[in-house]
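Let me begin by presenting the structure, written as structure tokens, before commenting on it.
The first chain written gets the first letter, and so on, giving A, B, C, D and E; residue counts start at 1 in each chain.
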Amino acid sequence: MSKKIIASFTVSRLEILDEQGRVDAELMPDLTDPDLVRLYELMLLTRQFDQRALHLQREGRLGTYPSVLGQEASQVGSAYALQKSDWFFPAFRELGVFVTLGYPLAEIYQYWNGDERGLLCPEQLNIFPICIAVGTHIPHAVGAAMAARYRGDPIATACYFGDGGTSKGDFHEGLNMAGVFQAPVVFIIQNNQWAISISRNHQTAAETLAQKAIAYGIPGIQVDGNDVLAVYQATREALQRARSGGGPSLIECDTYRMADHTTADDAARYRDPEEVQRWQRRDPLLRMRRFLADRGLWDDARQQQLETEIDARLDRAVAREEATPPARARDIFAYTWTEMTPRQKRQLQQLRDLRELDHG
Amino acid sequence: SAGPPEGPVTEAPVVSGEKKAVPLRALPRVRALAKARGVALETLRGSGPDGRITEEDVLTAAGAEPSGDAGD
Amino acid sequence: MAEMNMVQAINLALREELERDPDVVLLGEDVGRDGGVFRLTEGLYEAFGEERVIDTPLSESAIIGVAIGMAAYGLKPVAEIQFLGFTYGAIEQLFSHAARLRSRSRGQLHCPLVVRTPYGGGVKAPELHEESSEAMFCHMPGLKVVVPGSPWYAKALLQASIRTPDPVLFLEPTRLYRLLREDVPAGDLPVELGKARIARPGDSVTVVAWGSMLEKSLRAAAGFDAEVIDLMTLNPFDAETILASVRRTGRLVVVHEAAQTGGFGAEIAATVAEDAILSLKAPIRRVTGCDVIPPLPLLEDYNVPTAKQIAGAIAEVLAF
Amino acid sequence: MSKKIIASFTVSRLEILDEQGRVDAELMPDLTDPDLVRLYELMLLTRQFDQRALHLQREGRLGTYPSVLGQEASQVGSAYALQKSDWFFPAFRELGVFVTLGYPLAEIYQYWNGDERGLLCPEQLNIFPICIAVGTHIPHAVGAAMAARYRGDPIATACYFGDGGTSKGDFHEGLNMAGVFQAPVVFIIQNNQWAISISRNHQTAAETLAQKAIAYGIPGIQVDGNDVLAVYQATREALQRARSGGGPSLIECDTYRMADHTTADDAARYRDPEEVQRWQRRDPLLRMRRFLADRGLWDDARQQQLETEIDARLDRAVAREEATPPARARDIFAYTWTEMTPRQKRQLQQLRDLRELDHG
Amino acid sequence: MAEMNMVQAINLALREELERDPDVVLLGEDVGRDGGVFRLTEGLYEAFGEERVIDTPLSESAIIGVAIGMAAYGLKPVAEIQFLGFTYGAIEQLFSHAARLRSRSRGQLHCPLVVRTPYGGGVKAPELHEESSEAMFCHMPGLKVVVPGSPWYAKALLQASIRTPDPVLFLEPTRLYRLLREDVPAGDLPVELGKARIARPGDSVTVVAWGSMLEKSLRAAAGFDAEVIDLMTLNPFDAETILASVRRTGRLVVVHEAAQTGGFGAEIAATVAEDAILSLKAPIRRVTGCDVIPPLPLLEDYNVPTAKQIAGAIAEVLAF
């Protein structure tokens, strides 16, 4: 006969590297100097790839493209914590993860150029195809994690999605299953504050996205998503917990989509430019560069040299993409079922007869 | 007016030609058979239900013995 | 009377309905401040406010589910799903609820809900942005499926859809959004759900098409004495108009962008094979998309019937 | 540069009436003696209806039926807090709510006898049809609440579902929408610990279901679901908050499904009879009867008299149901669309021609 | 060799596959401790443990979604959905993922997933327990749809479904679960997905049926020289067997429990109207459910074709 508290919960936020490039020594992850430099290099590669893609799109050499500008730390930092044998389940705006895991750059351009061959993942990588239907890949990451545990493979799966993705039923159903089965999966929210024109506060009345973990009885944490060290550290802990039987976790990377939603969008229609400026000051590359410079690991000369190298690499990737022979009509049939049906064969024959040079 | 661009054509136009006054009723196979035997279906009086032209009607008109399927 | 494309015609239809009936509300992702990813609801948020033009979180199933609750309460919600491919996540709400509310309540509750969504290819976007699976929704009694083929009919049919007490899936052919311009007057336009129209009269062959394939079918028909029927309402569909035409022409070509197998062309062909076969002078022909997942932009066009293909089929049945 | 707590949450449990029939005077809701008696009477009516239904089912006079035995307080207590103008959205096991709101008893039998005419709600009641697809009615309650607010109607909607229902995507999407739009809706979980054979602990790893509210930034509370006073009080507060612009709430009624899932189920296959016995001691009627007796509001004579009265009422309801003329073939067509289609008319004609006396 | 009903045959198929292939796992609501709401998985939890026979929370979309992840990882999950009506909540996973995984990954990933679910009426249960919407799933390239019509074929087809690398929706006719008994041997049974079979040879009319309507069609055919084709795989379906039969018999009757409009009978009729119309000696006839929401038990039977109705249609086309 009472009104009493029967459960209490807290949500924490992790920050390690601040905007001035200073770190909290106690929280500093166990990374070597080459690791630290590598993190920065990967963020720079991501940024330059992104800018090149926007360029190509404007020139009509690429289709609609979603920029990751501003989210480099959230993506590179988390991906850097993955082991080769872990499986990565992307949404569609995870360029930084693809780059960090070593996905062929030409293929990334190819995909955004509207060619599904860009999704053909190299054998040695465990990267699931890009998921366009927001949030719907979340249960897949849970299932793969359960399968891995069933097989006795000591791996984890990492599933990425946006703040918008947390509203889909699949988020709920997937995280609940993961909790019940203690699946070795880490859910990584790229909270870039916007889902096209819907702001974080219109997406959910919850104060943080990390607290959604409470609904599933699993650990949740918010990290400064523009702090590559905090993102790395939180992800590493969660992955290790998952791999060692500790079950799933949710990580909210608090970051920002600096660009339009995609090249087909105009964010000026719905958001305040001042908000963008505020986040400009929190640029994830800038603070890491300051940190490396303070440590004597980086200087302007290295910066310039790396930029030039990356540019050359991107030139080669674009050239390779653009030299790829066009896909054949047959390719639209070949992967539907394991075998082509008689009707498909007839349809292909009709295409060949009627349409060989006729795409109109 | 609020009418659609080319006028509100929502019903089948009235067909004028007398040639279609009594629509000819026959299965596609019967029509194919007539074509193959050079029989003008318009000249036949259907012996089937509702004046439907049957295979027999065509064969009779062609002066031939009833035979197998027209096939396709 | 103003010349407008389909985007503008739909925007006008929504604006007029919002004006004339306070029970009409719009909801969906980005329909408000942004004006819609196709700019289809542009200006409506500013004109009618956030209570009537509602930006929602990213949950297709809840958009339709919430709209069902609104409709049951007496409003006339118009929900936007950004692409037909994303309605798959909301099919339970459409099939298990919207379509059944009237039946389940023995006629006491209605579900005057319209779900608008672009369908078919034409914008060279990533996968699930070019689905043409209208047939799946035409097998659900209780649901109406409406597909306009030009700006004038887009406005007329959308207004009729908003006013019918039955739930309507309103499929807008992305391909035509900005392709055609037509005079589209203000005010009510005369059109009836459930009725097809003869878009072009002819005597030698009946071509049945809708939405994204209507314009191509009309182009293809130009060289022949072909009658083109714009089906407009796919469920429940107007079998009588089709049968009457085929009884006259003796030939049938059905055109759709969707995959052949299980497409709605099958229903039309079956209806004719049951009820007008004695008029057929040639086999029925379907001109359709292939039995494949709609390909990404670089190969997309391979999968979409061309006017040339349609003309080929017309010529074939005429030559039979 | 820190790991710091950025949000904290607690979950409370409300208990007012204990197993011995003692109440916490401070928490005692504002109810008159007749109200208190009425609550008990409604629980008894629910129980006797339920038992009669089980009986009829065994005799082949009713279809598959889901018993509410044990959940009477969770249903009557919450429903008693509803005003006539509020809208009620049931799942399928809410007999106690139907009874409390005054739904015709004959129609309830009719529905469970496989006759949709049982769902024809009397004009003066705002009761949505029973929802069979678990959890899928949750967004409807949110939409109706939003519509009511839009219209300026000072009402709330009440949406009931089970512990199993909390796992469906619709729960998540609906509650999230309710939070974002601050819709006047109260979500009432009938946590009866089982979803067919799946126990609460296999349904979710969350310690309580009430804490799922945290994910949506809305208030959540657990109540002793076998305590009709606590259930009433918590629901009343939540409804008042909703009606006065305070937004949605989630209430977890902690109760128990004493019977099999339905008459088609055999719970002995999957659950421990000792668990059932433990809950037997927590019977919701017993403790209310003790409380009323202590207050001098109840005695054995009144009990016996009421039981007899209810039995007679049930006799009449069953008789009315069984005297209803059978539905006509036309009824399967009449409510599909607003108008019957030509094809439907033909199908009906065919039925008449072929099947008038042929159901085989 | 033992006589068994379809429930037992399916149970045996699952047991044998679990035994022979450690990659096979079952998951779904109540499939474990309870043995399934139809007792279909009885004894499997006890025999194979909770890692292989997995009781899940109540989320159809996650059951299929999680199974897709398992399949992509290399397992062969068999997911149970309690009734076809509850797959509506999981269609996005089936259509946007299971059916596309192979295409999307350009053949690198497969989705060897089986979704088993009872369909059609026959158990006199509340609404959504008697859906017969198989046609909706037959319009989705990449997905296979398989429907057994007897215990022997249930076992054979389920084993073949588990072994194919493509995702399969396996529809079990609730009506037949305990109606028929057949000798069902242990071990592999020879059957090929994508092939129909002549369940009863005949020369004067072709009757195409599947699943819940096969047994009635065979009964109806008994009095005639009718050939009955058991379609078995609906997507992709075996047009050749049907066409060859119709070319011989000259007459076609298609039978299904689903609503007429947009049902899979339309596809079969359309295929014949395109490719074998010159063989037809009579109009095509469909014997189907009505265009209605499947009614609750008291009126359920009105909506389900009877053997008498099928016989009537056979007689009608024969008399034409």
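In this section, contacts are C-beta pairs under 8 Å (C-beta built on N, C-alpha and C of every residue); 3 or more make two chains touch, one makes a residue touch a chain.
Remember, it's a predicted structure, so these values are computed and weren't measured experimentally.
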Shortest path length from chain B to chain D (each step joins two touching chains)
2
Decide which interface, B-C or D-E, involves more C-beta pairs in contact, and give its chain pair.
D-E
Computed over C-alpha atoms, the centroid farthest from that of chain C is that of chain D
Average the CA atoms of each chain to get its centre, and name the chain whose centre is farthest from that of chain A.
B
Cα centroid separation between chain C and chain D, in whole Å?
39
Between chain A and chain C, what's the gap in Å when you average each chain's C-alpha atoms?
36
Going by the contact rule already set, what residues in chain D reach two or more other chains?
116, 133, 136, 167-170, 173, 176, 180, 202-204, 331, 336, 341, 343-344
Considering chain C alone, which of its residues make contact with at least two other chains?
56-57, 59, 61-62, 85, 88-89, 92, 96, 103-104, 127-128, 141-142, 236, 261, 277-278, 280, 283, 291-293
Going by the contact rule already set, what residues in chain B reach two or more other chains?
27-28, 72
Between which chains is there touch?
A-C, A-D, A-E, B-C, B-E, C-D, C-E, D-E
Footprint of chain A on chain E - complex, ascending:
25, 51, 54, 56-57, 59, 61-62, 64-75, 77, 92-93, 96-97, 101-110, 141-142, 144, 164-166, 194, 236, 239-240
Applying the document's contact rule, which stretches of chain A touch chain D when the two form their complex?
1-18, 22-24, 27, 167-173, 176, 179-180, 182, 202-208, 211-212, 214-218, 222
For chain E, which residues are in contact with chain D within the complex?
29-30, 32-35, 37, 55-59, 61-62, 85-86, 88-89, 124-129, 260-261, 290-293, 295-303, 306-309, 312
In the complex with chain E, residue positions of chain B that touch it:
27-29, 32, 69-72
Residues of chain E that touch chain C when the two form their complex:
85, 88-89, 91-92, 95-96, 99-100, 103-104, 127-128, 133, 135-136, 138-142, 235-237, 258-259, 261-267, 269-275, 277-278, 280, 283-286, 291-293
